[in-house]
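Let me give you the structure first, and then I'll get to my questions.
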Amino acid sequence: MKRLVLSTALAALMALPALGQSAEPNHGGNMIVTYKDDVATLDPAIGYDWQNWSMIKSVFDGLMDYEPGTTVLRPGLAESYDLSEDGLTYTFHLRPGVKFHNGREMTSEDVVWSINRVVNPATQSPGQGFFGMIEGFDAAATGTAEGLSGLSAPDAKTVVFKLSRPDATFLHVMALNFSFVVPKEVVEAEGADFGKKPVGTGAFRLTEWTLGQRLVFEKNPDYWIAGVPYLDSFTVEVGQEPVVALLRAQNGEVDVPGDGIPPAKFVEVMGDPAQKALVVEGGQLHTGYVTMNVTQPPFDKAEVRRAVNMAINKDRIVQVINGRAVPASQPLPPTMPGYTKDYAGYPYDPEGAKKLLADAGYADGFTTEIYAMNTDPNPRIAQAIQQDLKAIGIDAAIKSLAQANVIEAGGAGTAPMIWSGGMAWIADFPDPANFYGPILGCGGAVEGGWNWAKYCNETLDAKAAEADSIVDPARAGDRLKMWSDIYMAVMEDAPWAPVFNEQRFTMKSARMGGADALYVDPVSIPVNYDYVFIKE
Amino acid sequence: MLAYVARRLIQSALILLGVSFITFLLLYVLPADPVRQIAGRSATAETVESIRRQLGLDQPFLVQYGRYLGNLVQGDFGRSYLQKTEVTDLLLSRLPATLLLMVAAILCELVIGLTLGVIAALNRGKALDNTLMLSSFVTVSAPQFVVALLLLYVFAVRLGWFPIGGYGTPAHLVLPALTLGILGSGWYSRIMRSSMLDVLRADFIRTARAKGLGRARVVLGHALPNAILPVVAMIGIDIGMFMSGIVVVESVFGWPGIGQLAWQAIQRVDIPIIMGVTLVSALAIVIGNLLADLVAPVIDPRIRIR
Amino acid sequence: MTANVSTSPEPADLGGGAPPVWRRLARRRLAVLGLVIIAACVAGAVLAPWVAPHDPNEQHFDGLTIEGAPLPPGAAFWFGTDLLGRDLFSRLLFGARTSLVIGIVANGTALVIGTLVGVTAGYFRGIAGAVLMRFTDLMMAFPALLLAICLAAIFSPSLWIVAMVIAFVNWVQTARVIFTQTSSLAERDFIAAERTLGAGHGRILLRHILPHLVPTLIVWGTLGISTTVLLEAKLSYLGVGVQPPTPSWGNIIFENQTYFQTAPWLVFIPGAAILALALAFNLVGDALRDILDPTQQGRD
């Protein structure tokens, strides 16, 4: 029986700023963040875009959490958990004294109710599929059963999960927004409006939402981590064009432009030492890649796909986007556990590529199409790729369309090649499994799935399942090695041509304090609101 | 007169019906699945189908359309697919801002455009006329984004006379209204100019001058009222255009208008919002044209309402 | 409001003494300037493959700085380069083809349709007029953006589809304005007088109504060049019209407009081209109108 204990006393340590920050965090102040798009919803069961992801993390909590600024798991609402020997039963012991924003104390009943709510088809939650490893999922997900049979609350402080198969990603799922705890009475009272009037256990409460203009989050004085958050409040202003947001930031009106530094201003900002000092650069769990539909000739031949990999001049593309990315050699991003270091990938070799094409029977090249999303800089990148392909004889016509249209074409399998920029996969949680299932596994290769390459390798799927059944933390290294092998096999088959891993550049005002990692938090995108503070 | 207005209103209702049908049809035919947007990228096929059934999107076109109309007549625009908020709430939260900007912008357009147009007409053929002509072409040819950003940069960032975008005080209104006013003034000034030239040539003007009336009186009292007719039609067009939303100006100035709502909804195939916005702007268009048609005979009594 | 003493301009009498139109046109310097600009644009478009110094789609390695920024106008690239290192001058020449088709053909079609609808509705009124105007209202409220996205997904993108969409959408404004003006003109006393004299509708429309509409049409037609060229860019963005890397003046501006502070040549040079074309048509149009306008007789 394995145990992980984190006593309440140790929880006080969680209040200290992460990662050896030297300055004492200052309490107080209001931070201003801007976004272009309106915030869709703050309902943790529904919110699934990168914009509301971290806001939801601030208003709600889950059983597990991450060390701020890192991809390391730590206990959240659960102060400890036990795992059975067979890896099928997780028993979480809840932390005492956690209150919802409406004053009521949280119990295990709330946890059970929240997760059943996500699995309930009537909620229409995009996160339903993540709970597939829990016993009783199929019945609950189709609505035949009231809730998950494998989920129970033997007493007010204990929650038990019985899984139908051992799953190494389970703890990550417990840290996902979809498993965050909501108060039943508020959800039932507000109904569909709960997303606009969220009540949770998190570090911040939503106190104002003026549709189309701003959201105001205020500190939760009863938060169960003492001393956190440091800010008194933070305001999210929506409807701001990124270029203007940057101007306002330069003028001192905005603390963090949430959409980042727009491409048009990038060179200017990074070229000015004063401004560059305010920019934090970090990796993202993101890869930009070209998918090739392996069911459509000529991409059904591996040589052709490898030729495409060798034809793309990644350095030049990175130059075109002003150095905001690093060339990628494999599907996983460098900061993802399981990344194969020292793997060089396919070299840039147009001559070699032409030879491969000739070997495959396409010495004269062929015509095809490449789809791309129409927002800058994606059409430009697609055009750069187009020129590279032309150099080896592949004539690719560009179809630059709205995002929904490209996603539709990808799901339907009508697009031979897709440049994933703007729609590329960003990991839901920092685990290599998340980069496989929906986008490279057989499960995602169905009609409408996100596996646009329609790549289905049963052997690799079996290996993936095997890797995910290794739940023993002592064997975590073995598991990662298995995943690394899986992705190397994927590269051998080359259904994708990985191009680059986009770096994240967050600009913050001079008065913002806190470890740099908080501003490029890989999990709490873009900023970890709970742990940043305003310097005095 | 009342009979005419009543007739027009009935016709407008028919137009709105037509617009709703066409829009619904286009959204139905559009190869972008709204259910996928809702279900998210990690959803299984079962989840997707379940959502599709719940939203009634698996029904045939006419059934879905009928249901939508049925709700519509009860005042229910439905709920946004992605936000789950009532569409009426979303629309109402943005309408005041749009209306305000529209009125202010049209006023700016008229003031700038009409003044310049009259001046050009009175100085026909001279350097001033040519310069004004050049400037109206420049304003019409200029991309909205560039003009908006330029004005923002110069007057808000550099000079600091106005806030850098936002909504709430009259100061926030000035730059966006001015931007739209400048961009649209080109049309008004050119039309005003040519209309004035046409009128100034008429005999009754010669008569008025021969009577010894001062120039100003002739221009303002006699020529202007007659020349202003096409401008009325243009205002009707403008109302319609502004109510459909001007995304670019709204997003540069952070103005919470309908344009941004519509644009986002289209990207995400959020059908209830798209339908709601289209209907609201269609309503504005027919009302704008109706008003223009009602005002025209006031300006030119020869036009009879039939 | 004073009552107008209506006058009817007599049809132009071009018999005998007056010199032919083209010669009178040639005497007006501004009109000649306009014609020269139009000719230059057309020539540039037609002769592009031979005149352009570079391939418009070639992304030059030396066309960008090390950080990937475009180059300003200089010796190697006369108008500078764009964000992919392509020669702007060459792109402008090839882009003229697209923009001329849009600005002249699409815009012209919209103008003609709008005039036909507006004149018919304004002159004949009655049921036909009401139906036409309500149809115009409908088309104005039509969700053109949605139509564009649908078309983009269904058809392979082409210049002619976008030209069609623009013509389809842009005629309504002309129709409204022409309708209002025609309604006013049709009620003038001299029209009634002509009718009692036995003049047919055609003659009245052609000789009495249309000449008064010409100034409005010129304004609408010439300003329309600019707006349609820019509209084409917006539609291409949605996937309807020409696809990258095919250039058009509008889409060069559109894809680079956020960069106008760091690379102003990418916005101002194509913008100037659009401006020049629209102005040129205006100069010629104005001159033609003056020449053909009978009340201007003898003022050359």
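Just so it is clear, A, B and C label the chains in written order, and each chain counts residues from 1 on its own.
Keep this in mind: a residue touches a chain if its C-beta (ideal position, glycine included) is under 8 Å from a C-beta of that chain, and two chains touch if they have at least 3 such contacts.
Small disclaimer: the values here were computed from a predicted structure and weren't measured.
The most central chain, judged by C-alpha centres against the centre of all protein C-alpha atoms, is B. Taking the mean Cα position of each chain as its centre, C sits at the greatest distance from chain A.
Taking A-C and A-B together, the pair of chains sharing more C-beta contacts is A-B. Rounded to whole angstrom units, the spacing between the C-alpha centres of chain B and chain C is 21.
Separating the CA-averaged centres of chain A and chain C is a span of 48 Å.
Computed from the mean C-alpha positions, the centre of chain A lies at a distance of 39 Å from the centre of chain B. Contact of a single residue of chain B with at least two other chains is seen at positions 31-32, 149, 153, 266. Those residues of chain A in touch with two or more other chains are numbered 243, 402, 405, 408. Of all residues in chain C, those that touch two or more other chains are 149, 153, 258, 261. Chain C contributes residues 57-59, 61, 64, 66-69, 83-85, 149, 152-153, 157, 237-239, 243-245, 255, 258-259, 261-262 to its touches with chain A in the complex.
On the chain A side of its complex with chain B, the touching residues are 36-38, 40-41, 43, 46, 48, 121-122, 124, 126-130, 132, 141-143, 192-193, 195-196, 210-213, 237, 239-241, 243-244, 247-248, 251, 253, 402-405, 407-409, 411-412, 425, 428, 438, 443, 446-450. By the touch criterion stated above, chain B contacts chain C in their complex at residues 11-12, 14-16, 18-19, 22-23, 26-27, 29-32, 130, 133-134, 136-138, 140-143, 145-146, 149, 153, 186-187, 190-191, 194-195, 197-198, 201-204, 207-208, 222, 225-226, 229-230, 232-234, 236-237, 240, 266, 274, 278, 281-282, 285-286, 289, 292-293, 296, 299-304, 306. For chain A in complex with chain C, the residues that touch the partner chain are 243, 262-265, 267-268, 270-271, 316, 319-323, 374, 376-377, 379-380, 382-384, 386-387, 397-402, 405, 408. For chain C in complex with chain B, the residues that touch the partner chain are 1-2, 4-5, 7, 30, 125-126, 130, 133-134, 137-138, 140-143, 145-147, 149-150, 153-154, 173, 176-177, 179-181, 183-184, 187-188, 212, 215-216, 218-219, 222-223, 226-227, 230, 253-254, 257-258, 260-261, 267, 271, 274-275, 278-279, 282, 295.
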